[in-house]
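Next up: some structures, all given as structure tokens.
In the two complexes that follow, chain A is the common piece, with chain B as its partner first and chain C second.
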Partner chain A sequence: MTWRASIARVAITSALLASLSLTALAADIVIGRSTEPSAIDPQFSRTGNNQMTADNMFETLLSTDANLQMHPHLATEWTNIDPLTWEISLREGVTFHDGSPFTADDVLFSLDRTDKVPNSPAPFSDVVSSVDTVEKIDDYTIRVTTKQPNPALMEQIGRVFMLSKAAAEGAELADFNSGKAAIGTGPYQFVAWKPAESLTLKAYPDYWGEQPDFENVEFRFIANNAARTAALLSGSVDLIDLVAPSDVPRLEQEANIKVYPIESGRLVYLALNMRDDTAPGVVDASGQPINPNPFRDANVRKAVSAMIDRSLLVDRILGGSGVPSAQVVPSALGGYVPDLLPTPADPAEAKRLLAAAGFPDGFGITLYSSNDRFPGDGEIAQAMGQLLARGGLQVNAVQTQPYNVYAAAATKGEYGAFIFSLGASTPNSESNLRSLLQTYDQEAGTGGFNRMRYSNPEFDAMLRSAMEEFDYDTRMEKLQEATRIAMDDQAIVPLFFQKIYWASRDGIDFTPNLAERTIAQDVRLEK
Partner chain B sequence: MSALTQRLFGEGVVARSVNGIFGSPKAVVAFIVCITLVLAAIFAPLIAPQDPYDLLQIDIFDARLPPMSEGYNGMLYVLGTDTQGRDMFSAMLYGLRTSLMVGLSAGLLALIIGASLGLLAAYAGGRLDAFIMRIVDLMLGFPTILIALLVLAVLGQGTGKVIFALVLVQWAYFARAARGAALVEVNKDYVEAARCLGLSRPRILFGQLLPNCMPPLIVIGTIQIAQAIATEATLSFLGIGLPITQPSLGLLISNGYQVLLAGLYWISVYPGLLLLALVFSINIVGDRLREVLNPRLAK
Partner chain C sequence: MTAFVIRRLLQAVLVLFVTSIIVFVGVYAIGDPLEILLPPDATMAERAQVTQALGLDQPLPIQYGHFLWNALQGDLGTSFVYNQPSISVILARLPATLELAFCALVLAIIIGLPLGLISGLKAGSATDETIMTGSILGFSLPNFWQGMMLIMIFSVYLGWLPSTGRGQTGTIFGIETSLATWDGIRHLILPALNLSLAKIALVIRLTRTGVQETMPLDFVKFAKARGLSSRRIVFVHVLKNILIPIVTVIGVEFGSLIAFAVVTETIFAWPGVGKLIIDSINILDRPIVVAYILVVVTMFILINLFVDILYSLLDPRIRSKAR
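What follows is the complex of A and B.
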């Protein structure tokens, strides 16, 4: 036998083996998701349920990793020619699910369409609002000019889902939902969507990046927490998201179930309303509203914070499913201040601060909260009532309502002291500081979630200076400084970051992430 | 008024009801359960080892203890504690009190408003009758829980608001029953006689007509009280009824339901059994009253 023949034999055998192992890998998976998308069009709504659906089929110029940090993806590199002009190189060799190549024309089309999607309930408009012009240099290079210098441009347009111009031009919502226009460059391609039931995908064989492990993927939408857990236990789904914290100990006991925890970027905080001369529910001993509003005094806000035993809340109410916090973003994000740590409850300090503010005997307070927004929210509110009552306030009531009713009233300012949550979806604290703590101004579109109407010119100036800073490290330092200013002032009373959980059967691996997203590409066969 | 008192306490409704209840062993048991629960509710502050509505008396360190545990401060929790460290036994007594109070006041208020409008409709006839009865039809056309949800979503939480919402959804049942009964009576000779004597309209309505319409109203009243208690529990379960710091039975069940899979069965199961006993016994008594007081069913 010649060496040629033996090589040929080895080659044939290994090819056979490879194809065998490939068929063995071509497994199917069923994923139980708590939320479902409102549409398949990836640019229709920027809500988490829609984005994590789109992430399976469509891609963005930058990718977001498990810690919310962004990396080159469909855009490979970019340079600033001057503060207003960016030149961006695109990845070559990427194809859409219909086989056509991904080029600059598709990018131009997708960026242009971003703020023109009709009836969008939560448009992506602000990620392209700073863009002035976009031009094509060649098939794989584009040039973007902005209206003002914008250091965060790539973080913003890097979130826009890229559509195929040929497939999506003139397409309507229904064309995406039927799959006709749902042509992306992602690892999985659209098969069928049955609203309130399931979404079926299959692997795209010519995907440019890491090949998916599963041939067929079915997302099943199971909104009820107990039902989702039960579906995993019974084996009808392989992976579930948003496991209720109270179910975690039960699942951890099961031998063939794996639980994946992560400290999410969702901050649960107590907001103290400063918008009017009196705060709803804040009354003196005779039940009269207190004027001036005590929450406008930083000493009162600090006193409230000093009454709260955050570890106790997390351990007793959430069974440990949280991480006590003293700031707006978790440690994985840019702009986190390492030495700003939650302090233990200090009743003596609370008393001293209250007396300094002119309330040696405390005052009456009503606490408000949702009861279906995040695990344990109603319970947290009640326990907070206990803690504030022990701290020296007269807790007259703890009112909890379903989120739909609650959120609207909180936004209108109808609550004095209220518990709310804010998730993180960007690589650093800028976006959350802007929406939560910047002075509210409807015309300028700032402080959108600043329901308590906190306003501090010093903080605003530092934040603005961070937003205009091109040097990354200096920008992060300025964000840290802004956070320090607001927290020294106790702009909000941070409570904890929620821990969130996924769970799966044995034999697969899931990469948990801060963005609270559940996508098929993060699910892998166990190695 | 004398006619009403006489009919109620003479050979009338009360005597027939009491005799009726004691004529059925099933009803006797239900009746005893009812009375026991009402007494327990009335004397709750004396019986309960803890005031579960006082945030300073409950301790989060004692949260989630199973039945027969001893707490941080040496207190024995016979039925365990909830997720806030509230003694379940005390919480159930107070919850029973809240549930009964809400159910009874909503039921009675709805009875008074509904019966008055129903009698008026039957007696006046014509346009007023048509007007009142079309509103009744409208109210009965909407699902109870939907109206109550809407009202509470707008008004917010609180005992008074829950009672208001319950009265709003229940008065129409009484109005329809009262009108039906009064229509039969309104053409009888004694009403005609009263009219000839020149008695005022209120005197005829409440002195003559009402006592003769009482039997069906009492039956519906009992059933509707049970209904009100159950509806309040549903609303609280949906998170829109009473404040979370003053749990009724429904709210206790709801709080416990969230940790049921985690094995903390006592938070949800015991209040559930108590609610079941309460609504079930009132319904049995109500059913028995219907058998006794309904002329068509009377033997």
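What follows is the complex of A and C.
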């Protein structure tokens, strides 16, 4: 054999070996994510992008499934000794990434730290605000007392990320970002974070729960929609999130690409401002502001709702990427009212309601919307303008603005009729009803995002009663009842829930979820 | 020369001061960062906590006063989003952008200058027509679209080059750069080309015009009469004369390559400052926006100063005036 031939043989053999080792390493995955975290400390910010990053490495007392329902996780069971006292059992045999066991001391430390993270732009304070004391009974049992009866306690403290006391005590933000303090109990452990570029993780071999399918995971942060799609098509990433609805038909045609759609919990709604005697942009035929504010009349709000053809918005403007809605949360969440369904547009009914409210000839209105917050927001505002005009209002203008300008002005009450969105991140409608529809009261701290200043004592009473109800089923019924009261009033005009999409190459499976989160544990090798 | 440099630096301080006021007030006027930072179900107690932690409960003049006092001590504020000194967030991303801009500039020169020379020397020929038409494409097609086309052709269809991120970086002279590894260079090619396309076109046109203006001049005729080779005439005498406008433009363009690499960085998910500033404006992270603009202004001042000094090296007439 000549030396040439032997070199060739070596080359072929090593190529074969290389391809073999490639199959062994096939359990690596690259995920193209649209958002990036601002820090690795899981308690630093409870924005979605930070939480879904932390979810890979850290765990909570309760876990949240694809439908936002919560299940025992690091806490295995809990009982109420009395309405103010909870005894919680912790999972045994759980270890941190450094090998140390997870015990009550870590839980006490983590709960205590939750509202003490300095300079947090989106603190978790509220989830521990009802907690009075936390004490350790033994290594795997803790006792929590609350300041007032709080049936939702476990849903709240169940969202606190558990840190290793040994690793995180006294640690600064930089210690987490470098990975030194980023010691959790989750299925993947921290390897490296390059801001704006990537986050690398590796599987934690001693994970107590379902073993991860991938040895190495790289999240690549690709903010641009078209670039994310291109990265998937070119094979440089295996899975992408937040696929632009306009790219979905193209990807569905590709032979080797799978698309995962889900109806998300993000509601797009029209808010009608009732806070003052006049509403900005709501004028009579001569251009004068109408006093009293027409939006304070439930008939007018219902008339506006009856003018809107929700299926048309979803089908024509969004290409089907939405689900018409008549309430605040989607069907998968607790407190959803099954018989409260969106009705088709009914211009005749709208006319009748307007006449009953004393506006047989309608009135002038200006419609406001953001134009960069969610797919199609600007176009939806334009279409809504036409629908309202068809329904008998004089639409004087449709104004759209970038979200950073728009959000502050909407909160200040500078818009009369405006389009907004609200995502769901909790298992039932309570939290969204509280922030969106409860009477605004600065002192009591309620109704923080009630930009319309809707206020109905009957609704408030029912919601409060639900918040104090310890029996789960009764609590959900009360939330349903509260939703019925508010929707009878047309407190807001719900439009639709957004559909969101993930896409991957063949060979892997992803479980889409309502929470709009992209975590490695939801990605699996195709079975 | 020294007096000239000192005067320029004093002007720079004034410019920086005025810029800081304009940007500070400007970002304040856009909106309220809390609206974007806070999750929609945040309670009012949480809102109050954040307002206080970020110092947003103070009136604007006092907020600015704090900023100015700290800035004089070299602290340009702490990012609302990252809770790190804004200047270190920016400096951490600047090398990636500098590397991209530098490579784009080098491409613009090594591709643009020769093509411009050929075009200028053979004005009116088929080669010239082709080059000029090509440069129109470089100018007029939107940068964003060019980027997407590069990705579609070289990454999606041909599969030759990666389309996102910086790839593996290595260290050259203590600087972390993609140029140190083959993987890094592969990642750099498409974004650098995308960023340079318009600049290549610009350099082609500047060079072509320069050559056409200079060739009929007397000194070229004399040089020809002396029997100098046309190679020496073009590359030594003509090139030296047309370089001054090109250096000016390239200097200013280098600044804009860095400051406005936003589109390219967004498409190619390049972890530079361009993307950072856009995100920061959207989320109203005022400390980052203010610090970034001050950095960019400083950079433009320095580049202009550098260009002025370079002039005097290229052109003896300017040198004597500056003295």
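Note that in this section the second predicted complex is superposed on the first by the 501 of 527 C-alpha atoms of A that agree within 3 Å, B and C clash if a C-alpha of one lies under 4 Å from a C-alpha of the other, contacts with A are read in each partner's own complex, and residues count from 1 in each chain.
Heads up, the rule we're going with is that contacts are C-beta pairs under 8 Å (C-beta built on N, C-alpha and C of every residue); 3 or more make two chains touch, one makes a residue touch a chain.
Since the model is a prediction, treat every value here as computed from it, not as a measurement.
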Chain B versus chain C as contact partner of A:Pro494, first or second or both or neither: neither
Which of chain B and chain C A:Gly392 touches, first, second, both or neither: neither
Chain B versus chain C as contact partner of A:Gly32, first or second or both or neither: second
Which superposed partner A:Pro427 touches (first chain B, second chain C, both, neither): neither
Touching partner for A:Pro402 - first (chain B), second (chain C), both, neither: both
First, second, both or neither for A:Ala383, with chain B first and chain C second: first
Partner chain in contact with A:Gly184 - chain B first, chain C second, else both or neither: neither
Dominant toucher of chain A (residue count), chain B or chain C: C
Which superposed partner A:Asn371 touches (first chain B, second chain C, both, neither): first
Partner chain(s) touched by A:Pro324 [first = chain B, second = chain C, both, neither]: neither
Residues of chain A that lie at the interface with chain B and also at the interface with chain C: 226, 372, 402, 405
Complex interface listing, chain C residues touching chain A: 30-32, 35-47, 49-50, 53-54, 78, 80-84, 89, 92-93, 148, 151-152, 155-156, 159, 162-166, 266-269, 271-272, 275-276, 279, 281-284
Chain B-facing residues of chain A, complex: 226, 229, 244, 246-247, 249-250, 312, 316-317, 371-372, 378-379, 381-383, 385-387, 389-390, 395, 397-402, 405
For the chain A and chain C complex, residues of the former touching the latter: 32, 38-39, 44, 46-48, 115, 118-123, 125-126, 129, 173-174, 194-198, 220-224, 226-227, 230-231, 233-237, 372, 402-409, 411, 422-423, 425-426, 431-432, 434-435, 442, 445-446, 448-449
Touching residues (chain side chain B, partner chain A) in the complex: 55-56, 58-61, 63-64, 83-85, 153, 156-157, 238-240, 243-245, 255, 258-264
